[in-house]
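To keep things clear, I will list the structure first and then write my remarks on it.
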Amino acid sequence: MTLNVALFGAGRIGKVHAASIKSDPRAQLVAVTDVMEQAAAELASEHGIAVRSADEILNDRSIDVILIASSTNTHADLIERGIAAGKAVFCEKPIDLDLERARKVVASVSAAGKPVMMGFNRRFDPNFSTLKAAYDAGDIGKGELLAVTSYDPAPPPVGYIKVSGGLFRDMMIHDFDICCWLFGMPETLSATGSCLVDPAIGEAGDIDTAVVVLTYADGRIATIRNSRRAVYGYDQRLELLGADGLLSVENQLETTVRKATTSGVTSAKPQLFFLERYMRAYEIEWGAFLDALIADAPMPATVQDGVNALALAEAANISLREGRPVTITAELTGVAK
Amino acid sequence: MTLNVALFGAGRIGKVHAASIKSDPRAQLVAVTDVMEQAAAELASEHGIAVRSADEILNDRSIDVILIASSTNTHADLIERGIAAGKAVFCEKPIDLDLERARKVVASVSAAGKPVMMGFNRRFDPNFSTLKAAYDAGDIGKGELLAVTSYDPAPPPVGYIKVSGGLFRDMMIHDFDICCWLFGMPETLSATGSCLVDPAIGEAGDIDTAVVVLTYADGRIATIRNSRRAVYGYDQRLELLGADGLLSVENQLETTVRKATTSGVTSAKPQLFFLERYMRAYEIEWGAFLDALIADAPMPATVQDGVNALALAEAANISLREGRPVTITAELTGVAK
Amino acid sequence: MTLNVALFGAGRIGKVHAASIKSDPRAQLVAVTDVMEQAAAELASEHGIAVRSADEILNDRSIDVILIASSTNTHADLIERGIAAGKAVFCEKPIDLDLERARKVVASVSAAGKPVMMGFNRRFDPNFSTLKAAYDAGDIGKGELLAVTSYDPAPPPVGYIKVSGGLFRDMMIHDFDICCWLFGMPETLSATGSCLVDPAIGEAGDIDTAVVVLTYADGRIATIRNSRRAVYGYDQRLELLGADGLLSVENQLETTVRKATTSGVTSAKPQLFFLERYMRAYEIEWGAFLDALIADAPMPATVQDGVNALALAEAANISLREGRPVTITAELTGVAK
Amino acid sequence: MTLNVALFGAGRIGKVHAASIKSDPRAQLVAVTDVMEQAAAELASEHGIAVRSADEILNDRSIDVILIASSTNTHADLIERGIAAGKAVFCEKPIDLDLERARKVVASVSAAGKPVMMGFNRRFDPNFSTLKAAYDAGDIGKGELLAVTSYDPAPPPVGYIKVSGGLFRDMMIHDFDICCWLFGMPETLSATGSCLVDPAIGEAGDIDTAVVVLTYADGRIATIRNSRRAVYGYDQRLELLGADGLLSVENQLETTVRKATTSGVTSAKPQLFFLERYMRAYEIEWGAFLDALIADAPMPATVQDGVNALALAEAANISLREGRPVTITAELTGVAK
């Protein structure tokens, strides 16, 4: 049996997912929809599939899965409509920019009992997942200090910044998820941030440089550093100190070529951006979703995970605004810790 | 216009090429043939194409390109039959184990005037091609010392060794080609070799460990080191000393994870074998062939290149047998230097 | 002219300084004093010098320089007595555990007009000073995010912890100084800390794991991570993101040997502790002090620098205790910013 | 008891040894002699010792050890005069440029029964000795392929080249010794060489770029690559493939600073030359000599080792001149293998 998949959204990330679907024979892409008709038509043509309306897709009982890669403001509704139509759902992060709305989606999903996965791609990066496997296997003993470094190569257009929900919900949300994935939910969060890269980002009410510190009930501490600009490429590193050692993920470089001259020894830059850096992660992520649908594997990233990351982003905004640590409560995440 | 491609050989390397063909929309795989009917059927099924006989393929005027990934002893004949049938040909190395036969293929190709490319995949590895581009750009000035390290993770079965043509023609041929690609044809060659990995390889009349030194008319020197066994993975490195610096290609590691413990700092192993290490190279190689067919780019690896590498392998066998340096003559390569 | 130097303190760090003095012919060690008579006698014997009392040293007009490497509680008095006796003073950090006392020393030094240097050895480590030189030269443009990682290989005895002044004044003070050296005095400081390594440290009222975030008036942010235990060795790293790139200092490893096996590729551990890691720094530091005395170079680490680092430690203790960011005021540092 | 040492030769390498002597309290430098009176006087003044004539030193029964760091043509005579005078001898390599003369020294030393050590400093470099210890401990199983890379940063003056004995006896002799130290005496040697760096070196009858291949009776193979010029610094690497893995020594870099910019990630260069790279090795070497004199440790580098390396240099000259592999016979080394 091959699962039939319909894709919502034919933009950059939609194309990535369309390619990933082709890499696993257990599912096939059969339809695409997008409000941008040209984008939908092009993607449909490339993959030899049909452009259909959202309603047609949701009403088509032969479609088993919808993959939501449309704009953020459509995610919550589409998840709910998808599960109501009896479909399994894969949705790009975030659920919604509004935390309360996201918590409602968790309730809807819980009530419907249909499988829904959030696209936290970094969990599936072979580097990060190898680190987690080594940590879970006890290679470095009990975790103590976690540090996530995540710098984009260049800031997005200010037009994007304005609708992004801000650095914490748009960019650092990935890093919040990584911290939750490795360390669980923190007890407190302290955020600091600045506008150092582009004054226009500050004028739009956002920051482009930020540091967040998370503390955990048992004394563990995590730090996240974000910048919208690292001119040398997409900087995606992580390190985790434990009682018995240190695990780290270094950047993937464009090549392994080195050049030694009178100026020193020069290596290649980190791979430029997420399409290069996480190409494999998107494929593995899709396979993990299919494993959950078909092989009864646990869902590797749930809507509750989506709410948790969003709750930390919300707390970061409060902390930044009020200049104080924020306690992470059940009210924020919608679940008792 | 999309070029129609037929694949000869549905084994391991045939499957790699079938996947590469899918990565470039300028050509499509339309047929496969293999003496192993089961293998052909499986590959055909996976790609939704037809199994056909070699004759049918060669007689089908709608087929533009044949890709030869069948066993070595079929290469020379299939190249000649392919060009006689008016087709462009992509052929896995080597042309033939017999140097004289290979030289005849060069003559046939030259007479037919059809485009034929040899599959020297390493030329298309982004690491090696970036090194060559930097060298050609003069980044390290005039080249002086070239060193190629090429170790397989584990020896092949002795059954394979017996039909392989021996280490120089089967394994080091890639490294000979890399030397020719970077430094051109050498003036002399000295080979030494041993059987250290598996006595059965020695009993089969072959070696599993070898060092070859090439000297060039202008004083440059190249060394190649081969072993059939590096237990830590597929070791594929190169370094080139020039008047103004050193360029090197390091191994690609399985992940970028590091673990620091009381035992030291441990990184991942090199990617296991050629399918992992050169996956991208096979795709780029295929695109470069299509560039030559469609966009009038120069053929990036010719049958003469195939003869040159084979001539060096022949010289290495003589040098090893007779314990002396061998001069590389026009008689060996079939062309005046 | 050779400067005559007397050493106060014949313990571990006193021995390091005695060795450094020998490395520069512009000064010679002529006397040592220590309340531990045996230690003083041994050091004196090794260096062929006299054991003398503190009073004798201070009253001896032929002694030009006193080097204070005795216990912390003697530093402030000895600095003041030394300058009152007309001597140049080199003093190990900190000036005093009490910030007010330290500020008085600054006033005394200012009034006396004698040269006094604080031993912030890391400023003289060739790695850190090369990074600073590159930063000052504009290699990465304006600084944005600074991150200091500083882990000891193993915690000191709890007996030491109890008299140490606590992690912030004993251990992180070096990192505070590095931040001041690179970024100047911050505007706010937020500290968090835990006892994860040894419960006895917590029982002694101290922490062994800490993260501090510093913010600067112009939006720059610095983070410091400390742990009393990194089982793989003394972890001393720094990275600095700027508008045009990233500068980092990696650990110095015990050797450059690598071993590749089926388990991966293993490198050596970082050098074990500060005597190994900063051996060169101590020598260079001493030479820089002599440069200031003899060659009119600026004093590279002043008592005000000592007060500044101590003020940040004080702020960190307040922040940790009260769970809030602390603003760094002129009251803390004794000088208008 | 402290051994009294007299130094023959106050040049660059003599100064290095004088400093090393100070690092170990078991011996003290008491006298120096040099035909360059000014150099001897300066070194004597710096170390507070006497300048004496060679005869005075040899006749002074209070002198236990002579350290020969004078010009190569004096080595053989001084060794013989030293042991005849009943002294222990440490001698810089080589024994003599003439192999026969060197073999006679071995006979003299053997007859006298006095301890004589040759200064093959690389054996004592912590990187190389750690590699050897790991190899001897069986970490990579049986050795198969050894590769030594040894490039000087810049060629010496041609005036030096002319009296040096040529690249094989002056420069590669260190690498021959490393091969003997790790693999023992080879069965055959093949040399190739060119003049690529400086035509004046060729006019002086020497080469500046060379590759030598050594084969061993049991099938092991070693390669040595030398160049008189690596513009990026002193390149001193080694790698050893064994049945169970690979051991390598990488270069020591000037600092651990990295800079990531739009141009890539740049690390420091290798330490410039042997004084920087092997500073520690010289100290350890001296301590090992004292261990042999005082603590009955085996002599770690003997005059026979000196003859062995010289015999390989002689064989390399023959191989280069005659363009053929040379068998290493007992006639060359003076001992049955």
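Read from first to last, the chains carry the letters A, B, C and D; within each, the first residue is number 1.
We take it that contacts are C-beta pairs under 8 Å (C-beta built on N, C-alpha and C of every residue); 3 or more make two chains touch, one makes a residue touch a chain.
Everything numeric here is computed off the predicted structure, so don't read it as measured data.
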Listed pair (A-B, C-D or B-D) duplicating the A-C contact set, over half by residue number: B-D
Chain pair with the higher count of C-beta pairs in contact (B-C, B-D): B-D
Distance from the mean Cα position of subunit D to that of subunit B, given in whole angstrom: 42
Euclidean distance of C-alpha centroids - subunit B vs subunit C, Å: 58
Shared-contact residues (touching 2 or more other chains) in subunit C: 230-232, 244-246, 260-262, 268
Of subunit B, residues touching subunit D in the complex: 142, 144-145, 147, 149, 151, 190, 192, 194-197, 209-211, 213, 215, 219-221, 223, 225, 227, 229-232, 235, 241, 243-246, 323-325
Sites on subunit A touched by subunit B in the complex: 126-127, 130-131, 134, 139-140, 244-252, 254-262, 268
Sites on subunit C touched by subunit B in the complex: 230-233, 253, 260-270
